[in-house]
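One chain, subunit A, links the two complexes that follow: it is found with subunit B in the first and with subunit C in the second.
Moving on, here comes the complex of A and B:
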């Protein structure tokens, strides 16, 4: 269970392009990702989309698995730029780490 | 079985059998020449011919020449389904100067060559030809039932479908009476705002139609009406109407040739407590939201409802639609709305887009089961909503969103959803306003329907004869349907249906008389003893009556058929102890001979 944070999109603008809502949940990013890890990065993008701020902080370890190979960004049919969103989330997590 | 019944009358009939190749469609699987050889040996068959396309002019000429030369007096064509070419061949017979009802059809394409192959196909085709020939020798010339028809149509229901039907019929020069139970025309259109997907104002669309309907000299409009009774048959219906005016009830009759049902539908009203509806002011229906947007004067970047700033709206789709037994709570009568209401997805997205574009500080979460934006321009509404950053969450039927009041939160509500797009994780979405995408329910017209013997589907909508081939007709000739009394439709679809019903009604009444198929019951006055069993069995009130007639100086009771009302169902023929009543064109003896022909081994090798 997580509570949606309706202000999260606004908060994240400081760290990342505001493109998560371009995503239509096709899963191409997770399929192409060489990590083959538990719906990464799709689940993270979805958390951003709905505003599941706490879920991102809870699962932030995952973000550092990313190799930044760029395949997800390259193949995303909606040009939602998942790679950039993951980078942005890293910045967000670093900024909020000590505080939580 | 094949033993000849010596009492059989029409053994002098001369049958011509015409077998079609259908350009290979039939002849690739059926040995047509073999069927012809077998047909030549069948009783009463004097001529058997084949042709590449029987429906072509040379094919039809074969029949016409044989009839004209007197070689034959009964016709059997073995070809495709009778729905395709029965009328073609009847017409050819007419052109030869003969009665078109001396014709019988054997379907050896859909029922044989498309589903069988090899010898069994040839054998089955032979059997079907044999049974058609057995029936044909008992065919007698018939005349269509001619009914004088009033050039007047009554349209019941003054919503967009009824108005459009009335206008379209009146344009063809036929007078129309439009009857509405409420005091205003326009129906549900009065409650709508910007129509999806075009964004046109419902009030403007309605005004355009009202200008036409109110000013048309061939259209009479009665509001505040109730239909007390409907009698008669195609061309000659009579409606008893009671009309409220100035606290008085005025009663009058309408004599009319055809009736169009355009009785419409109503929005689903959620039960008390369904997603918090009825308990909290800020849980509203789609129709409420449309009204709010229509009246809204908010100018800022955030939507305000009843003076409250709406920061986030949760919309829940499929409320009162696509209900599943065992999951959804049925109404008091045990009824569930198992159908999709079709219009709500587009209407919700349309409203969402308006809100997001005019009030960007109001965010929207749409919780759906499936988004069904099925029509032209509707998928664009979904794409537009995505671009407008509407967040979509998907719930499964067995885990409905739960709306509850919050404590200690900034937002009055939280909506718990198990979101399958987030891998079935449960989430609480805070909300200032919850909108339920309530669907469409049929208005209760069971009284009217039973008066007119109109079929109602299990979903309680009125039921057409055939959803694809006869979509605006009832089985009762002369009664049509249009609009949301039939199924959920948007305004455009209701107008489509209205146009179709109008054309059907106009074509029916155009000539001032109607010719009906002669396949109706006929009483043999020599055999009828006036038992009255047929009248009890008759499904159509008024089609069969006992009348007093003079017989050898005595007054006796005899059954009498009103041909225009007879459905040709045969219920009477089945119960008559004297076998004194039969259906023209489908007599019991014909069935017996067909069955005999089918079970005799003679015609299939």
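Moving on, here comes the complex of A and C:
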């Protein structure tokens, strides 16, 4: 069972200019991503939107598959900056490791 | 895929201890300038960020990572962060061939020559030329990156540097965009090809250009090398993904997953090989990664020097 954390968006502010709520889940980012892998980065952005903090930590290895190539950010029709969201999540996970 | 935490903590530890992500002492990495007579003072300071110099060490370490990815040995990487940075760095430096290390400096000598030919007033001081910390930023070690960037930026500021020439897209992005944001210290930053004035020729050549993501999208500079080539009569082949829509070479994934990096690289090489023309890269990471495919790839500076 997954739990959600309603304060997660607030927690992420420390790590990036999070624009995840701008995303309307069109999937352009996942379609253009060179990884073509399991709805990446769309699924991670959805997790941010619903506050699925633990899901992100459980699947955190996936974040480092990102090449930081910027194609998703360049093509996002909502200017939600998916690349920056993923980078912010990496920072959040690294900080979490170091705290634990 | 390796455990990202093992890779990140090892790189972060190395940067903290040695200022190099590979732990290699700078005097063993940065030697190219010894064969070139460069002034210590000038309008611009040339900052290579050591990325071209790191290329053979990246290749060597990736060869080992490739060997152990997906095996039981991969889990041993978690102990690497406890090894003193210099120790592992010197080991890596000794395992890398002298020829590869020397060859890695050639694009820098070529760039210095191109700048001289263009009558750019620039200087080089090896003591000020340091790694920018960009890998820590990309990997999400924000604290590590900011601490490192502050030291590097302050050193440049204290030396009175105001204008900088960079040679690779990662260092250019770090100094131009990230240093002002995270260190509060700004410089006027130009990529070397923005300053080139090599006259005009009618060479009638055609090449295929691979734009690095950071020059194509993040810094939006990919039109400038085309103008420099165009002035010499060198045109580009049409490929599907270029300029702002360029495709990644796969290089950024090579430490976390060499197999993923190869998969992305092979797709990109297919596109680049399609026109059947020589391939030109202008980033040391792209250059090294694309070369692994066996395709004929050379640096922009190498091509330019051959034709001036």
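We adopt the following convention: the second predicted complex is superposed on the first by the 97 of 100 C-alpha atoms of A that agree within 3 Å, B and C clash if a C-alpha of one lies under 4 Å from a C-alpha of the other, contacts with A are read in each partner's own complex, and residues count from 1 in each chain.
Keep in mind that, in the parts below, a residue touches a chain if its C-beta (ideal position, glycine included) is under 8 Å from a C-beta of that chain, and two chains touch if they have at least 3 such contacts.
It should be emphasised that the depicted structure is a prediction, and the values quoted were computed from it without experimental measurement.
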| item | value |
| --- | --- |
| Fit-or-clash call for subunit B and subunit C when the two complexes are aligned on subunit A | fit |
| First (subunit B), second (subunit C), both or neither touched by A:70 | second |
| Touching partner for A:3 - first (subunit B), second (subunit C), both, neither | first |
| Which superposed partner A:31 touches (first subunit B, second subunit C, both, neither) | neither |
| Three-chain overlay, vertex subunit A: subunit B-subunit C angle, C-alpha, nearest 10 degrees | 140 |
| Partner chain(s) touched by A:52 [first = subunit B, second = subunit C, both, neither] | first |
| First (subunit B), second (subunit C), both or neither touched by A:94 | second |
| Overlay on shared chain A, then closest C-alpha pair between subunit B and subunit C (Å) | 24 |
| Doubly contacted residues of subunit A, that is, touched by subunit B and again by subunit C | none |
| Interfacial residue positions of subunit A with respect to subunit C in the complex | 15, 34-35, 60-61, 63-65, 67-71, 73-74, 87, 89-91, 93-95, 97 |
| Complex contact set, residues of subunit A against subunit B | 1-4, 6, 9, 21-22, 24-25, 39, 43, 46-47, 49-52, 55 |
| Residue ranges of subunit C touching subunit A (in the complex, touch as defined) | 1, 3-5, 7-8, 138-143, 213-214, 217-218, 244-245, 247-248, 250, 252-253, 256-257, 260, 264, 267 |
| Residue ranges of subunit B in contact with subunit A within the complex | 311-312, 363, 365, 386, 389, 391, 393, 414, 416, 419, 421-423, 425-430 |
